[in-house]
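We just call them A, B, C and D in the order they show up, numbering each chain from 1.
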Amino acid sequence: MDSKNRAAAQLGPDYADLDREIAVDLVAANHILAHHGVLDSFGHVSVRDPRDANRYLQMQAIAPRDVTINDLITFDLDSNALNARGRPVYRERFIHGQIYKLRPDVNAVVHSHSPTVIPFSVTEKPLRAIFHNGHFLGQGTPVWEIRAVAGAQNNMLVLTNELGRSLAETLGQGSVVLMRGHGNAVAGPDLKTAVFRAIYTEVNAKLQMQAVMLGGPITFLNEYEQEKRQNVDRPWDTWRKEAGADSTGGNP
Amino acid sequence: MDSKNRAAAQLGPDYADLDREIAVDLVAANHILAHHGVLDSFGHVSVRDPRDANRYLQMQAIAPRDVTINDLITFDLDSNALNARGRPVYRERFIHGQIYKLRPDVNAVVHSHSPTVIPFSVTEKPLRAIFHNGHFLGQGTPVWEIRAVAGAQNNMLVLTNELGRSLAETLGQGSVVLMRGHGNAVAGPDLKTAVFRAIYTEVNAKLQMQAVMLGGPITFLNEYEQEKRQNVDRPWDTWRKEAGADSTGGNP
Amino acid sequence: MDSKNRAAAQLGPDYADLDREIAVDLVAANHILAHHGVLDSFGHVSVRDPRDANRYLQMQAIAPRDVTINDLITFDLDSNALNARGRPVYRERFIHGQIYKLRPDVNAVVHSHSPTVIPFSVTEKPLRAIFHNGHFLGQGTPVWEIRAVAGAQNNMLVLTNELGRSLAETLGQGSVVLMRGHGNAVAGPDLKTAVFRAIYTEVNAKLQMQAVMLGGPITFLNEYEQEKRQNVDRPWDTWRKEAGADSTGGNP
Amino acid sequence: MDSKNRAAAQLGPDYADLDREIAVDLVAANHILAHHGVLDSFGHVSVRDPRDANRYLQMQAIAPRDVTINDLITFDLDSNALNARGRPVYRERFIHGQIYKLRPDVNAVVHSHSPTVIPFSVTEKPLRAIFHNGHFLGQGTPVWEIRAVAGAQNNMLVLTNELGRSLAETLGQGSVVLMRGHGNAVAGPDLKTAVFRAIYTEVNAKLQMQAVMLGGPITFLNEYEQEKRQNVDRPWDTWRKEAGADSTGGNP
């Protein structure tokens, strides 16, 4: 990022009362997830607004790898943009609003087309925790079938609050919900944990696929096997460096 | 690209009446597809000439990653080069000419050895839409068997208009046709859509292969499940940046 | 690494009597294993202290890609840190201490989540030597099941000497022990050999998985098929250059 | 490569009568094959000496990615080094000498551990031409079993002329011979063709493995399906640029 772009990466006046760290971390989350191939040109990540639990923050609809803190927009939980000022918004933002509405414990959401997760959404093999860092997947992740709500004639996308709510209900109290033939949504108590889960959902999917390929019975994690408090800070720091994300909230 | 090369990247006098954007985008398409591994040293991409629907534009026969706007050549729909001036032309250009001839709705064509697509061309598993961004693959892509036209003693290549026509007929009204043991051809209404389809054909093939590996029944997209208007601009911009393609039409 | 960081990469006063090469190599081992994806943000590598066989050297608990010779800490074989001075230590260091305790012939240990090895830990297919550079895997590597020691209610981690001892006993006289749903531990007579084994354990796992995928009987290495003295210097040099590790013990 | 290294990359006095292009291309072949992962720290490539058909040229025993024209050594067909002057030589050079001895039509040889080829060497599935650029693999590549010559107590390596001769006899009139649990050897009429074949052997192996994974009957190339004259110049140029190999014969 050249110095001109860095200088341009300023939080707007709507965010004078926002902890700058929140915005910088949301930019880093975008860059980290793009760097890992969890987000490509599509997909998005959001955080609940720490200033108002009935709002969430998300970038304007550009590719995750390109966002800066300039791109921040505030939404209410019906996913109305409150300060878009003509900037485009992600069409599937309803995923985020509805999960925040149903899950007060959730403060960050990722929607992605994370590649190895998709095959689990179109087959009958449930994605399950097979690796200790994938423990949050538990004994199997639910799959949301859009046809059950929108019928056979649908466009595969979550473009309404009704569809978003249906998806959030399928997520239930879990961490991850698969979307058939489309992708997944990941929820976490904070941004770093949501990013950790999004990345390790992909890792766990790869490991499970290889275990299936080896054949025979598989030993999955049982319901107890997990750390009390997952260390998400160390991988966050590593990933942030690898993605070239810095403390300016600019675009590396 | 150093400034000397940038300066050298000039459209020739034959293209004084061509929208420069067309040529720059064709260069970017080459670099994007090479960056994604869809094109390697072989393969090619073309656009119908916006100045004359009975012509198409393609680069001289060099590696896609190396092309600049200097390399533009105009062909008629029998794939005669109209201004090669001694520059080599792709031997399999007949794929392009014959598809443009049979499909007036097609304005861009990609021929590639996109790796994960080839296994589907040599087995009986049809490549089908499994992922919402692969919807254009529909309920199964046809496979063109060169032996059916050229007999058992063939060289696997589309070196004549007769072979190109046979391939175009197998494509029919579809978006993608596989070429057994060789590669595929992708058609689109415009260049960005053709590039989108070429890349997501590879993505869909990977996902379908993994779904097969998981075993059991697979839920494919049905015939309705697609967006009315696919957003191809956002991924194009991302891919262009990733490939280092710029607005000069030079070689990054 | 900028010159300021290089200057900062100095061995502390505790290591005045340590061959500087040992520390530089341990830094390089961290960077090599991170570069190969054997170590990610987690995992660690250690060497027995050449000054005292009842001690071992390991970095403070930061990501392997970020370590420098500044990060060196000395541990006794019960994995008490002798000079941490407030720096964090790896929680699973007991793996190292207990292996050194049970195996006087071992002078270097790697614990990793090396990705392709994990599926072998959760299925009944033993990881075996299939490739001549994987000969040290022998006729099958043991799998350590934490439930057998810690019961069903465990956190998957080796956080005590008791668990470390159990793991070391499962390793026995071998080179590699798998940890179910978690990773593996690799032991070697010296650091370069341990790094070689850690990398080729992953390579061998990939090859064995592909052989399984091809189907039918597999010819594994027999018990005699191995070099008398494996050349580990040439790959070490290549890997060190690829990882950008230099002779300063700094962070590339 | 800095200018000091470039200046150092000079052909020795033994090669005053050698076309410099031969040495520069052999360096490029090393760098290309390393860049593609066909060669890693191990493996080697050679050319028959154009000045004397009873000799061949190979680099001193260092990692392929590091070689320059300084490293050239001449061998007779019994693989005696004629001008090593203390420099180490590859221990498995007998592969090269014996193939040149038995096959007057062969002028370049690659020995590698090309990863996806190895699984075919340990299973009963023959590696066959499935992709038009892999036509040289024909209707199946032979597998050399070292146990048949050296017995069950062997070290997997081709360390003698006797073993090299046995391998060359298994190659017969073909282009590629697999070495069980070890790697393969590729022969070509010239260096560029041998490099082309080494790279496309790996590509074909990946495609065949994926086709096996899809299941059902596979259509392989028949005995006629190949180009009369494979274009190896275009991929060579692309690969050379990607590997950063230049015309100085230095180390990029």
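The rule we apply is simple: a residue touches a chain if its C-beta (ideal position, glycine included) is under 8 Å from a C-beta of that chain, and two chains touch if they have at least 3 such contacts.
Source: prediction; values computed, not measured.
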Per Cα centroids, the chain farthest from chain B: C
Chain B against chain A, contact positions shared by both copies (same if over half, else different): different
Whole-Å gap separating chain B and chain D, where each centre is the average of the chain's CA atoms: 33
Whole-Å gap separating chain B and chain C, where each centre is the average of the chain's CA atoms: 46
Touching two or more other chains - residue numbers and ranges from chain C: 213
Which pairs of chains touch, using the document's own definition: A-B, A-C, B-D, C-D
Residues of chain D touching chain C in the complex: 40-42, 61-63, 65-66, 113, 115-116, 118-120, 122-125, 147, 152-157, 180-182, 209, 212-213
Chain D - residues contacting chain B, complex: 130-133, 135, 203, 206-207, 210-211, 213-222, 224-228, 234-235, 237-239, 241
